[in-house]
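In the part that follows, the structures are each spelled out as structure tokens.
Across the two complexes that follow, chain A remains constant while its partner is chain B and subsequently chain C.
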Partner chain A sequence: MVVGMSHAATIHVGKTHAFKSIHSAIAKANAGDTILVHSGLYQEGNINIDKRLTLIGIDHPVIDGKKEYEPISIRVEGVTVKGFTIQNSGHSSMNDIAGIKIYNTNNVTITDNILDDNFFGIYAQESRNCHIENNRLRAYGKAEHFVGNGIHAWKSDSITIVGNEIMGHRDGIYLEFVTHTEVDSNLSQNNLRYGLHFMFSHDNSYLYNTFTSNGAGVAVMYTDRVRMEHNVFNENWGDSAYGLLLKDIRDSHIQHNVFAKNTTAIYMEGSNRIQMLDNRFENNGWAIKIFSSCMNNTLSRNSFIQNTFDIATNGGRMTNRFEENYWDKYEGYDLDKDGIGDVPHHPVSLFSILVERYPSMMLLFRSFMVTLFDRSEKLIPSLTPEHLKDDKPLMKSAII
Partner chain B sequence: MRNNTLFFSTIGFVVFSLFLGLQACTSTAGPKPIKYGKDQCVYCKMTVSDPRFGTQLQTKKGRVYNFDDVQCMIAFVKESQVKKEDVAAFYLPDFVSNELLPAEDLYYLHSEGLKSPMRGDIAAFADKEAMEKARKELGGTPLSWNDLWN
Partner chain C sequence: MSKKIIKYVITDLLRNRTVLLYTLVLLALSLGVFLMEDNIDKGIASMLNIVLFVVPLVSIVFSTIYLYNSSEFIGLLVSQPLKRQSIWLSIAVGLGVMMAFAFFVGIGVPTLIFAYSASGLMLIVAGLLLSVIFVSLAMWTAVYIRDKSKGIGLAIILWLYFALIFDAILLFLLFQFADYPIENIMVAISMLNPIDISRILVLLEIDLSAMMGYTGAIFRDFFGTGGGMFVTLGVMLLWFAVPLWLSNRYFKKKDL
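Our next item is the complex of A and B:
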């Protein structure tokens, strides 16, 4: 009996094998077994994995939910699903049906799968220590139809989401009430709402990801202690599109990121004690919109290059520190040649203040009058916040 | 005769212009379509993307505000960003058809299973039976429009 327990069996599923269906193989298998599924089309409704099994697809066998079922549900710990194509999950306005859904369990690994045209892609609810790596997710959501998120975690902890590609979902990656999670090296592209979206999710990090051409790049909301490093946020264009939306965030790091070609690279509201360091802002409409509800933030060693506006604010007292940033609009000089400009730089132009109050003023951008206004405002500040300034502007960008 | 034609065509033009003017006025009544995936919630700044939960407020002066969750709309008014007495109408989507309807006539369900964008977790139903059906499936408590304000 001991021998029987320790020898995990390998079961083959396929047209030319003893087991023709994944269902029958799971029914026969014991915990710890490996099921190898050979290529083919498997339309078996819902496949419910209720034993600790490793399912491996050979040449991407297709599991098809026929737009009716949840293709794979996982309800026990230690399950691995690797190398499948999972397509056509059901849709519902009541339940979050997913291509692969993990229910209240731990240590599940989902790798190297292709998920095509599912409602939600990979979904973890009330789960811990799950690993989601190198999957390709694609949905075909349109704005007027309801489509789910690509990788969705809810009330979960210690999830790693690495090297996935997500397109055409509502949010590429969505975390709600999720802690100690790492989102690394993913590509989130052409999703309807956000590339990545955090809600009420503390102590997470996202590093080396690319968020491009989403409705908006990343939204981090009502969250503490997030590390956001080495990401690329680009091509988020539109009226209400941002590279990064920060709403009620505290004690977080934004470092070594690149923000290029966004209508607004960073929009921040109600966010405190954020260290924003070594980021590059290039060719954005607005680099940073920082509202007076933001306090005690530090912006240092960032580079502002070719943005229409560098900083916009709705005025009021500012307790945010701008120091040693590079501003391509700086017109000062460096007589002592220490690399730091000798006169402070005021990054908020009068015109950006006026546009914030009267958006239609944008019509006058680059007109003679506006240039005149901005020049006179630089000499005698009246409307622009006087204390919002960089006392040590860099003469050269600190970032190569 | 010639003068007459000119006279009548002028009258015609004036009447036509007036008609256009009136058209412009009348079209302010009723909900304005929300551009899902484009419009932004004025309260939480999120993009309004879920037609089951997007709501709208119109002021007596005719300004339109969209929200991604009824919870945002209520917080917006409670914080007096628009005062309640200045509001002409509140619109919520019927959970089933997603059509925007006047808030007072709807049946409400509060259930965690709804998972609305800002966790208000409140859905509106034009039809009481549809609400009861959803309640059977998801659990939760039925509410009235006034309950939402408490």
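Our next item is the complex of A and C:
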């Protein structure tokens, strides 16, 4: 290995250099070589990297797929692609053509690229230990079926996706059967469908990401042991848009996230044993819609501020624990001054139940009649679930 | 209209203790709310109840009482070579301007200072319109009913109807016809109540996220668009103009 490295050569590609095309440079290169591509426009159809090479673009040379080809395909391990502008990949409804596609291999690094108007952006299939960092992806899809996902991984393991910016794709980040993966500090914005979408992707963590104004927010399904921390979910507006949709998620941590201005911040269905701690819900339509198919979840130390409705549920018996949250709608008192309210808080209002049943009721919200109903229900609960309550509501928000 | 009469009504109302008290109470309420609440939209939501409840009540009851108390003054004016329409409209303008002014000082200014936002501006517009609309309703009440106590009673009943009973009827209809696509009809019916129109307009600002949901979208499609806004504003102006026009028509023929 060390001997091989010492023989590594550096090959220059560019108008004023020996190699005019990337194709010819790859054909000449030996495994372990570095190819430096100088700025210019390279329209070479599909560039297939079948040797262990490092490709580095200087001043973002443009690799153009002419809306026909897959600009870069990587089929061997240890390849690095850095500093390119990759644009105009082909579109297809049969194959998943991507700006950069990684085929069944390991240890690929893709950093600092700009991907513009590709079908899929960066696509990894059956790959391990790949590193996707600091890329900027942009597509201009008008409808979901005309555009692919930004960063798409399928049947992969140990991928790190860090600091990328994804806009205008179908799903910003899409993971299916991807395990032990870290998604960190990405920005996923204005994508047509979901900002982040994963299924059957166990043991992954999502930290410090921002998901803003995506068509339907973030949807995650059928997954165990997820960590979602310090993310921001905001401005996901629409009837079927959710800040975060959890469907069949188990044993997961959702902590220190901020949910702001979503129609529904969190929608939970069939999700069990989730620890939802220290999150902040602000200016949402519904902070949490939790269905009775959710069991043994713990919601603690969250802050609910100026949401139209804090909790909505389809009723039934609840085995979820609400404890030590801050509710700005709490009207109790704290006589012993320990910072915890002396009477329990029932976060489900009568009106939120009525709106679930008769959506047109929204027209009467904040009307005096409705406030009157809510008050009388608070005194004598009959329709609202009695067990759904916070026995130790905080007097002050735990999060600043 | 006569500038002199308008001026007289305004100066008379400026010295009126009730108007001063009304302004100060509004001011105290809004300062209290805004100084205690750090979230702007939450403050606006609290103010909304005052605007929808107190402002119409005071506007209609105070204006009715004022009109009955000025009946001798009105009788005197009528004996002068002045057109009755001009007298009546001048009094209406004077009253409307003063009630709107009191609202603006009491709630408008604090809102502009502490909660300058789209929702704040909408609250102010709604409050100003409600002030003049309920003055206009008071004009109608006072001119139709000769007896003072009955007139004030009618004013209070009108207020009760718009503030409470109307919503109860709407709620009843909603439950009865929940299985039918009634959203558009509901929007149309809500146009029959200026308080409801104001409430929905402010709602669309402070509960925007929830209103973006399915049914909300229907309301938003109507109230949120330029055309819908135009219609809404038109309806609010009708609520001001029609009672005033009716009262004026009656006043011209009335045997004082």
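Definition applied: the second predicted complex is superposed on the first by the 392 of 400 C-alpha atoms of A that agree within 3 Å, B and C clash if a C-alpha of one lies under 4 Å from a C-alpha of the other, contacts with A are read in each partner's own complex, and residues count from 1 in each chain.
In this section, a residue touches a chain if its C-beta (ideal position, glycine included) is under 8 Å from a C-beta of that chain, and two chains touch if they have at least 3 such contacts.
What you see is a predicted model, and the numbers here were worked out from it, not measured in a lab.
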Combined model on chain A where chain B meets chain C, clash or fit: fit
First (chain B), second (chain C), both or neither touched by A:T263: second
Contacts of A:Y140 with chain B and chain C, given as first, second, both or neither: neither
Touching partner for A:W286 - first (chain B), second (chain C), both, neither: second
When both partners are placed on the shared chain, which of chain B and chain C touches more of chain A: C
Partner chain(s) touched by A:P359 [first = chain B, second = chain C, both, neither]: second
Contacts of A:M94 with chain B and chain C, given as first, second, both or neither: first
Partner chain(s) touched by A:G215 [first = chain B, second = chain C, both, neither]: first
Touched partner set for A:L245, first chain B, second chain C, both or neither: first
Shortest span in Å between Cα atoms of chain B and of chain C, once chain A is used as the common reference: 10
Residues of chain A contacting chain B in one complex and chain C in the other: 238-239
Chain C residues within the chain A interface of the complex: 39, 41-42, 45, 48-49, 52-53, 163-164, 167-168, 170-171, 174-175, 178, 182-183, 186-187, 190, 196, 199-200, 203, 207-217, 219
Chain B residues touching chain A - in the complex, by the definition given at the top: 35-40, 44-47, 49-52, 95-96, 113, 115, 119, 134, 137-138
Sites on chain A touched by chain B in the complex: 93-94, 96, 143-144, 146, 154, 170, 192-194, 199-200, 215-216, 219, 221, 238-240, 245, 247, 267, 269
In the complex with chain C, residue positions of chain A that touch it: 237-239, 241, 261-264, 283-286, 305-309, 328, 357-371
